[in-house]
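Look for chain A in each of the two complexes below; its partner is chain B in the first and chain C in the second.
Presenting the complex of A and B:
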């Protein structure tokens, strides 16, 4: 919010006469919809990128030929991300309950878990799980079957590593979500004589999930990009995700830049799709909590825009803006499932 | 009291779910790697092997499958053919022929190179046919067959570079794959029993990259002044249109062997012996020479130290 003010302050003093012209321009500009202006900015950016791409003289034939092969990794990229987020959600829930617990064991274990997995790089964790775990277990003199069990396939090691790492970050999200539920709610549950599991299951968690789900979606989108790290663990072609496949075609033809651009494009498209659904999900979840009954559509729109301007970064604000009209007709949709 | 128990159980479940995740994965059927597989002859070395011995060779013979590690980031030794989805290269052909003569089919594993040279394979694969140089360090954790070929090593510079000889590298930066023999050579610490090397070029700074391919890219983007790699690898990159050129004659040749894990829990001695015999046989009947001609355009299977 500070930036436009600084800009305006700079241009004002010397602009006695130009001010009139500036005003004219801004008045004319005000008539052009914001959406249209943003679209123009994007088009200009893409034109510049296209020019740079062309000037760099990349081997586009290679990229076209190999696109199919690299794209086949999409299944595994999504598979790894889905399996990992499921594991992460389970761990985050347990971790959060541990962090909120007064049991020293639960509190200590969850504290160690969050500290270690947030405090070390993901790639280091993946290497430790894949390569160090079997050696450690082997040296403990445990039965052979146990050792084989913990000699993880890179694909499985990737899921376990991503799940553990993201679970640790999401522990904080879950903890905040649970704590955001009003104290009166837990007191009421206690007053009704509910046990701890009953209270959590019937009162606290359902309300906490409204707060938890949007950032969890964000974590999922971030995780889809981090699945690329699994490519460093040495997966076989049949289980290779996008980045590993890009690495392989890069090595085969000595064309790393083209191959990685290809991979970058695919990750971007993938996350763009999921970001779109994420923003819709977020609005749907918050629908029941927006006071829309007495406000007019116009007021709602203004409210929504100021909210997205304050909270949205980059494309997020633009995305929210584009969907505002649909949101205005929101009240009828209230209560529909998702 | 009740709530405390519930929370402790939760933590326990957290620990168990990890183990469960590990089990779940292990039970998944391993998809066959898209690789060239040798046809089972049912004869070969396995015909003579004592399948009741319970050692690694006996296991391989009774399963009819040998698991071989390869790093498909090193054409023309091993790379992926995206058209067919199969691995191809000199090492792939050699491994396939070894498996054929054993009487087993190949299942490919693609661990990281560092994991192969470190030994302690935990039985994940049986054999490495990966153009591995027999350094003194590696010989401590791995068993080797006699060399199956001898790869020349060269330095390459950008196309049209003013550097014309190894002497011109003084003050320059050389890119190399981290932890590979060329890295050791440039740092002056390469030790291959029975082999002598010229001293590394004087006055250079060594920059390590994850693979040779990345080092080549660094040369192209001007981050290094030269790269060192296997001559065939550099030649393959030049053939694929990378703007680089070889700097003079190869600096040395190094022996490359098939490797086995010394720490294997199942006795691997008879397998090492059987494969060593096969390698000698392939030298003798010209199979290796033919493969070398096919992939490198010259015969580099003859020991340079003996002639």
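Presenting the complex of A and C:
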């Protein structure tokens, strides 16, 4: 088989082969930039969809008429997302500190919190908070003021529910971020005589936030879409977000295609804008100082040597509140950028 | 034995034991460091010398024994109420310089130096900055004050780390292999700063290092660690030239 003649034939450059029509096309195609081809694909998809909707009696005039009404929901969608992410960040920080604590109460409470809110559907949580909580409180026979406090307005209940749910997921992001700060940093803070809050505020969290911010941006974008669930909680029309308004429009004139496409388009535009800013932010952060910039390969080796000199116990600080065992499994962000 | 010998102990270590799981790293250490004294601690990897230093400021909680730094006296091994605060008070008296520098990358050089005075001691920012600039001048890095540590060489970073520790006006400076992570050509600048601390400021120092040239020149006393005990101690001359122990001799043959 492997005769010299056959081998020579196989290595002949393709250009010398007689050109068929298909090859001519593929060569021409190779000159068109990939991005342009992708853009064409997108345009084709839009045209097909437009044709389909047109065939399905798509009422563009109706859509334009109601766009204003649905668009007013944008403010509330963003408002819900912003308020929820603030709550989620606070809860995630507390949750992460709890998960890293040696205090059994803090560890247990944060574990329960993360488990429950990650283990049950968001919509169920929203319904529990909006509809079940007032009944529970009422049946317990608590003082009137307390009952009023826990009977949340659906709009507020939506924010609380989203915040609790996303906070539970973000607990892991925050925990990983805090653990990404090297043990040497907490030791240096300890050696200066800092208290635990000082150490967290001045040394650990500022460094952890560089790791935490990009995924938190992703969570925020995901949350903006989940704000649509608040539409099921019976928010008054004046405060209704995009999806609730789309529902109202769809039901009033039985125009589901127009109404829900309008809503989908708005969510899509919203997430596209925030994704753009998110990726810019991410790039900016990775360009900044490199966390653990002092850690060269040589130094890592030195750290390893000193750790083994200390009996291989990880050099855990006796009084440190952070669980050193967890440090080992923490994500490494060394060598990021730079 | 010591050339300082003024009887004012800044650091006292009594019957110190440290165990990591089954491994006993320190087996009953007794030692004192007098005011203004420079003690160089050396020995093989795993002999317990770094652990001793880390026990002195409770980065490691001793399994048992007593530690006293500038009058703050604390027993190891017990988690008593208020101990965390006592440990903090002790740490304020003891400046620590790490092998891996551990500068705060989120702060500038001057920010690193003033962090302790401002956050821990509550000194006003302006005052802290002038203290910090003085110290940066001492370590020869005034022009780098507003840089971030990442932009500095290892030797420069370690000098900043020394300034950071000094800014707390400690009674004793603890150096944990301060030049081990440095490229050979950068070691000299750090040792020079350490030497000037000893000779110009008469700083009390405990130095874990294998830099025997530095020890010979600066140390009042050298201490050889072997398997968790102080096998031998004496002046640099006594230790380097007239050691009685084959372990010490073997070590010198390896490093000199």
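Descriptive notes on the structure:
The rule we apply is simple: the second predicted complex is superposed on the first by the 251 of 338 C-alpha atoms of A that agree within 3 Å, B and C clash if a C-alpha of one lies under 4 Å from a C-alpha of the other, contacts with A are read in each partner's own complex, and residues count from 1 in each chain.
Quick note on the criterion: contacts are C-beta pairs under 8 Å (C-beta built on N, C-alpha and C of every residue); 3 or more make two chains touch, one makes a residue touch a chain.
Just so you know, these numbers come straight off a predicted model, no measurement behind them.
Contact with chain B, but none with chain C, is seen for A:131 once the two complexes are overlaid on the shared chain. By the touch criterion defined above, A:254 lies against chain B but remains apart from chain C after alignment on the C-alpha atoms of chain A.
By the touch criterion defined above, A:27 lies against neither chain B nor chain C after alignment on the C-alpha atoms of chain A. When the shared chain is aligned, chain B comes close enough to touch A:234, but chain C does not.
In the overlay built on the shared chain, the residue A:153 is in contact with chain B alone; chain C does not reach it. The partner of chain A that touches more of its residues, comparing chain B with chain C, is B.
Applying the stated contact rule after C-alpha superposition, one finds that A:139 touches neither chain B nor chain C. When the two structures are aligned on the shared chain, A:184 is found in touch with chain C, with no touch to chain B. Once the two complexes are overlaid on the shared chain, A:195 sits against chain B and chain C alike. In the superposition on chain A, contact is made by A:110 with chain B only, not with chain C.
Shared contact residues of chain A, touching chain B in one structure and chain C in the other: 195. Considering their complex, residues 2-4, 6-8, 10-11, 13-14, 17-19, 21-26, 28, 30-35, 71-75, 79-82, 85, 87, 108-112, 115, 118, 120, 122-124, 211, 213-214, 216-217, 236-237, 240-242, 265 of chain B touch chain A.
Chain A contributes residues 65-66, 69, 87, 90-91, 94-95, 97-98, 101-103, 105-106, 109-110, 113, 131, 134-135, 138, 144, 147-156, 159-160, 163-164, 195-197, 232-239, 247-257 to its touches with chain B in the complex.
Against chain A, the residues of chain C that register as touching in their complex are 20-21, 23, 25, 45-47, 49-51, 54, 57-61, 83-84, 87-89, 91-92, 94-96, 98-106, 115-116, 119-120, 148-150, 154, 157, 164-165, 168, 176-177, 180-181, 183.
Contact residues of chain A toward chain C in the complex are 182, 184-185, 187-195, 198, 202-203, 206-207, 289-296, 298-299, 302-303, 305-306, 308-313, 315-319, 338.
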